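Alright, structures below, take your time with them.
Two complexes follow with chain A in common, the first pairing it with chain B and the second with chain C.
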Partner chain A sequence: MAPVMAQDVTVNDLPWLLEYSPERCQMCGKCLAVCTFQAIEAATERRLASPGGGNAPAYRLAPVIRQSGKLAEACVGCGMCAKVCPNRAIRPVRNPDSRSELLVRSGGLPAKRGGRNNLLKGRTLDEIVVGRISQMTDPALDSERHTFDIRAPFGRVLGAGALPLAAEGGLLQVTGKTPPVRWIYPVIFGDMSVGALSPRAWEAICLATAYLNEVHHLPVRMCTGEGGLPPGLLRSEHLQYMILQIASGHFGWNRIIAAMPEMQTDPAGILIKIGQGAKPGDGGLLPAVKVAEHIRAIRGVPKADLLSPPNHQGLYSIEESVQKMHLSMGAAFGFRVPVAIKCAASSTSVSVYNNLLRDPYQICGGFFLDGIQGGTGAANTVSLEHTGHPLVSKVRECYLAAVNQGRQGQVPLWAGGGIGMTGQAAADAFKLICLGANGVFIAKLLIQLCGCVGNENGRCNACHTGRCPVGICTQDPRLIRRLDVDKAAQNIVDYMLAFDSELRKLMAPVGNSSLPVGRSDALVSVDKAVADALAIAYAC
Partner chain B sequence: MCRIGAIKSKAPVHPSQALRLMMPQQEGHDNSGFAMVMQDLGGLFAPYPDLPLLSLACTQKGTQLVEDYMEARNFHRVFEWVPKPKRRTGQDIKAMPHYIFRCYDYPEQYAKAAWEEKQELLLDARLELRSLLEQQQAGYVYSFWPNVLTLKEIGKPHDIADYFRLWEDNGELQAKNIVVQCRQNTNYEVVRYAAHPFFLQGYTLCANGENTFFTRNRDFQRSLHRGYIGFESDSQNFLYTLHYVLHVLKWPVQYYKHVITPLPAAEMEGRKDGDALRLIRQSLAHLEINGPNTVIAMLPDGSLLSCCDGKKLRPVVIGGDAATKVITSEVCGLNAVLPRRKTEEDVYPHEREVVIITPDLEVQRWLQ
Partner chain C sequence: MKISALLGEERLSTQELLESIRQAVREGERELYIDAAGQQDIGGPLWHPAGRPLRLVVHNPGQRVGAMCLEGTELWVEGSAPADVGWLNAGGRIILKGDAGDTAGHCAASGTIYIGGRAGARSGSLMKHDPLYPEPELWVLKSCGSFSFEFMSGGVAVICGYDSEGLEAVLGDRACAGMVGGRIYCRGSLAGLSGRDVKASGLTAEDIGFLSGKMGDFLGAVGRPELREELTDWAEWRIIEPLSYEERPRKTITDMRSFRMSRWVPGGIFDGVYHDDGAVIPLVAQGDDRQKIPLWSEKVFARPESGSRPAGSSCSDCRICLKSCPAHAITRVAAPGETYRYAAAAALCIGCGICAGVCPAGTWSMRGNSEDNIQLAVSAGRPAKRAGACP
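This part shows the complex of A and B:
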């Protein structure tokens, strides 16, 4: 008998166990074929055939399906095996006694994964309800019959006193230049790069964006993430729906700049990414395994881990950031395109926002606050789990800082990071808008609509491996084919149409036909501490 | 639902006309107060159109505080009207001990001051008086402005009028313009300051409805102007926005409607002032109103203005004859004061309309 060593890793140490019913299994091998993590193996096991009558018992060889015990092949709980099994003979179950957190650092390197924070439990937004309903003193609106004006600003808004207006013949006319402002749908499809996502997944979101705009007239915008965009899109009319992101690695921007003379239209905006809610203080990370040929072409890079620095190099102050980055990005497009900034929510968010509000160039066209519950394609686990700031109170504080200066709405506030975690993004968006956000940005929800099975209970979260079982966060051509791009786009479109209806269902009972930005009186919290922190009413 | 009204007449009219306008509209109404702002005064105040008139209700202590303050600021008393209350048992009125309606001459250092400067002086004086009276819980100051008189009280409108002898047209109290309302705040605490019409630097306004954007309006207005205070009623939002658009920004009057109920973006396109409308909506998004509302306002030149929320969820009617025009919530009130007018000329404005009655009684209807 082989000796058992205490350090040996076995199936029981892994985070997921495969529950397998041999009596239901027909040995078709589909589960093996579908598992991208090699977590399932086909083997033969020696079994007792019969106790036997003589001295030697009889054995037989039994073909079996079983879980790999190797850490590198650990089941991630994606459930693809269960999805393909014709007899429901196999499914992953959580292992409460997993030792995997102790084992994954065995190479001496920080643990990495994708997904979003798994440790933080509870959601502030679920402690808040829309408590101010129109009842008799004013009539509620009819969400099906009345018209609603659901638009949000993206761009720097001037105070009324600074507007270059003069009355001519009783009509006000604009007599000078003002910063560009786009009025768009209060949801932006957020920053997932063409490298983090597979071409099909990225295309599905593009398709959904265009379809929502052109067929349903919902002016939804999509942010590219850091990594550029395909040359054809850069030179097409559809660029008008895209917000181009520039982050500390500047990936993709040499191609964007080269395409500028051939652009048919201006992009919807520019988003300067300073930080990301899921991994604040860490730069972007695209593992080499996902740097496929088309990624190398778009970004102009070799096949290697692509690490964006944690900070924009050469900037040492916020004033510099405004002068160098905002002005140069604004100038690049003739000051016709709004330039906004995205930061990870932080204890310092209000200071940043105040600086942007008071910036003498009046150039920052939006402050995107990304909370700790945002997702990522790859991050150091320690960053993902232990750094960041909850979103809701920070949005509120920023809004109230603007209120104190009478500057609310001048630098539009966009909130993201965990929007739609429960699947109910419209409610999350409505509550954040009442607290002072102008709109929200969503990302993880979109890939979940495409088929991503990852969640914040440790399921899958393998976006960094390049082995995404649903063809979304991978560049492996065989895996990409698992994603039906049209169906994925359709799911997003359907969700957004439902979102739009649900938003009306929340606006109508509070008697509002336009977005109730800052209407905190519409909300109550059933948690006193939350109510106090957000300066809304407590109810019990 | 509040009922509101305004009378504009070529010749000064007595407040009893305003009461007659409002009384038929009291059906199903709690009749909890009476408040009016009179502008372009006749009667006893006719000789003093240029002198600021202080309208105030206070305690004995309040009278002394006011005397001391005005003296310290070098305002000189020129004329005073003291109402002689008619007290009867069973009257439903929560009267204050003293009512001051007093015309002052400006401090000497303001003798040659421009009107703009005097406007700021009068506002500061009213705000300081309000603060002083509030600190001492000694009274309420409603307006301090030339040719403008404000009376507000809690109780039954009929009894309040009785108490102040407003039914008796003895020629003492008259005005060419009266804005009136017969109710105290029913949504929240009954506070004298919460009763509309509200007044600020020549602008008077009352509103029937519920402004569901009260909080965001208030949060924005607080930092716009020192005179935007109180917020005891959501109707104050409408006055402060009117003042901001016309007095501070000095935009043409029709842009008030564009600020409180902006057009959808698609409708702005193609307008001659479409670019301006877009900028206005962007910059003043927090002054947009929502919910059911009808506004009646009086401007410094005596024009009356009316408009509604973007869905016209509250009623209003405008009618009159060659000598008198009336804006009010319900036509029964109009019928009571002007029964022989041409009813076919009555105007029921829709949600996109702004109606203005000019000083020479021309009724202008503007489509937003």
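This part shows the complex of A and C:
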């Protein structure tokens, strides 16, 4: 055995340690069989057999399992070993003395990972409570029994003065065209691509969307992400629930265009992705390990790291983005389908939003603001942890900018990035709506409902490795087969039904039977700085 | 005895009027004509000192006429009345010839309320039935406003739907939200009922018996006996009852599999680009679904002696692998005339690698079961290659 050197990397340098009790272990091998990261190995260890007899010590060999000390095989804390161990003999624990942030950059390459920002700890939304309760002032509603109109616009809403209406002969007549607007549920599932997700995970979200629409009449829409669409969906009626995304790579769009003559229905909308909250500055990134043959076919690419540029080639200004891109996407579907745009929240968001509001073509059907706490399948860690903008104040500023122009609600504001991080998405959505959002978009929460075990405390976050232990962020058929599509979809459906009830629980006490967009009087903050920044009341 | 709420130019306050009514009743007065001027709460709670019945006729009442009315009180209201007619009625018989404002019969728990016109929004809300007393009744000749019978938990309501042909719903929009008890008989169109709270069906003989027994009294009281024939075509009537506790879904039953089989894209949306047989495997899997597969001794040379050690192999035939394999997948194969070899059966092996971990000679090694086979599994939608026995 080679001598151990001071600079050697060993288990103690890794971010997770496997706590193992050999006396509980029966060597059944299950932990070894399930670990997708090769973090566990079987071995024999030499033990002193007995102290007595002879001059040399006597040894015996003990079979054990142990953690790999290699950086490339570092445990990510997913806990599949603990899940299958019949004797609770093994479990991952965080290593507070990990040196992995230093070690992963060996080789001169930037660190990469998936998941969400792990450095930001506070959450503005949790500093806000619904403090304005209808009691003697006006009647509260009953969340269980009253009927609520929970709908949000996707599409350009014209101001009253711009509506093409005229009175002729005592009758109100529509004298011109209005932009398409869809009134949908204020939650959009989005936007994770075919490629980032396994076919089963992607299909589960799609299936849940259709189920919510067709069985529960909840008009939830799903944004496809940019990675092409599966052929069966392009030609099905279910396309009506899908918002097609076009990002800077334009991946898969040739197949979408080619399928147009055979489409049974228009899609629900188009979302132009300019940036992503989790990693502004990074474009899309699909590591080669996930570019399996079906992904290559759908996207029309070879096996390689697929990098989308951080900006759309050919769009150099806000005006150009609005005119050129919105116009093209609107034209593609005969101006029947609303077109919206998604940007990473940024110090510049208000300028962009003001431009969209003033757009003379009235073609922008929504502004999607994606905050820093959004998730991603793969990013440079430095982008994930250190770039981006908190969502909440930016949503508020955009809304108030619209109010200042008297144009609130005309370009619907949709907020995403960290919605449901605590598992309580309805509260997050409600607060953002009171601050001025028309609706929210969620993504990471959906895959967590499917079975993803990743979190913001460094657990798993291995979406970029293609070794997802639950078959969600992988293209390995062996791992994909671990995912039960029906169960995954069902978890999403059940969560959304609960979400719907919980949203009513928050709408009822403020006395709104429709969404309280911009009703910031319903909120108070227990943090003075937050209250001041959001122009809401401070309470203590 | 007549009590007037106006004394010349002076209008009695509600307190003054109610005190004078109570004083009269305390003094044994049993019949009162009250010429009111919008005073509230006329009609209850009143009781005769000797327990004799009381009869009040009220003109121009304010809100809550007949509120908290007791058994033994009969209250006639000429014309219409504003909100809360018969609020918290505890046994009185209240007859209103005209229309009632909002929340008529709200929280009525006993007695009878007859309304000879329409009733406003939220009428009949929270009616309940205390089993110590007869059930409350609310009869309306025409229709109700929206949100009627919210949270109703007992009693009977009868909405006759007279002169309501043009209405979308004789119970108004969004009726019966949160209704858990009692029953509503109604005639005319129904819309906007709370489907997760109530169900509507045709009348039974018992229902018809109840209605026909009391219809005469109601129509007589509100002065429309001629309508009896028009209102007693029982085929036009429906009964609305709350779903029973058992009928109410406690939990949503999501049946994704049936939905996928019957209403989803056949074969799944990825059919044609990604082959998927739909099987869901456990975390610990065998055969093709293993993460890794064991490989024994890559170099094997045949020797004539049966059972001898294969040349070029490091194997010492110690059988530790055989004894350690938790899946009992390893066998030692030694056909006559050939050298022995070890093999792990794919159908049993879970790919744990204990064989490789314990092998003192390094004869067993683990090979990834991914890259090559992934390609085969997904290419052009062909089914995954069946892995044979491990070498």
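As a convention for this text, the second predicted complex is superposed on the first by the 528 of 540 C-alpha atoms of A that agree within 3 Å, B and C clash if a C-alpha of one lies under 4 Å from a C-alpha of the other, contacts with A are read in each partner's own complex, and residues count from 1 in each chain.
Here is the rule we go by: a contact is a pair of C-beta atoms (placed from the backbone, for glycine too) under 8 Å apart; a residue touches a chain by one contact, two chains touch by 3 or more.
If you're wondering where the values come from, they're calculated on a predicted model, not measured in any experiment.
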Touching partner for A:G454 - first (chain B), second (chain C), both, neither: neither
Which superposed partner A:P63 touches (first chain B, second chain C, both, neither): second
Touched chain A residues, chain B compared with chain C: C
Chain B versus chain C as contact partner of A:W183, first or second or both or neither: first
First (chain B), second (chain C), both or neither touched by A:R200: second
First (chain B), second (chain C), both or neither touched by A:H146: both
First, second, both or neither for A:L233, with chain B first and chain C second: second
Touched partner set for A:L172, first chain B, second chain C, both or neither: first
Which superposed partner A:G374 touches (first chain B, second chain C, both, neither): neither
Partner chain in contact with A:E293 - chain B first, chain C second, else both or neither: second
Set intersection of chain A contacts, chain C complex versus chain B complex: 146-147
Contact footprint of chain C on chain A as seen in their complex: 26-30, 32-36, 41-44, 61, 63, 65, 80, 83-84, 142, 144-147, 199-200, 203, 206-208, 210-211, 214-215, 230-233, 236, 238, 292-294, 297-298, 475-478, 480-487, 489-490, 493-494, 497
Chain C residues within the chain A interface of the complex: 150-151, 174, 177-178, 194, 197, 252, 254, 256-257, 259-260, 263-265, 267-274, 276, 278-285, 288-291, 324, 326-327, 350-354, 356-358, 360, 369-370, 373-375, 377-379, 384
In the complex, chain B residues that touch chain A: 187, 209-210, 212-216, 219-220, 222-224, 244, 248-249, 251-252, 254-255, 264-265, 272-273, 275-280, 282-286, 288, 290-292, 310-311, 313
Residues of chain A that touch chain B when the two form their complex: 134, 137-139, 141, 146-147, 149, 151, 153, 157-161, 163, 165, 167, 170-174, 178, 181, 183, 403-406, 408-409, 510-514, 516-521
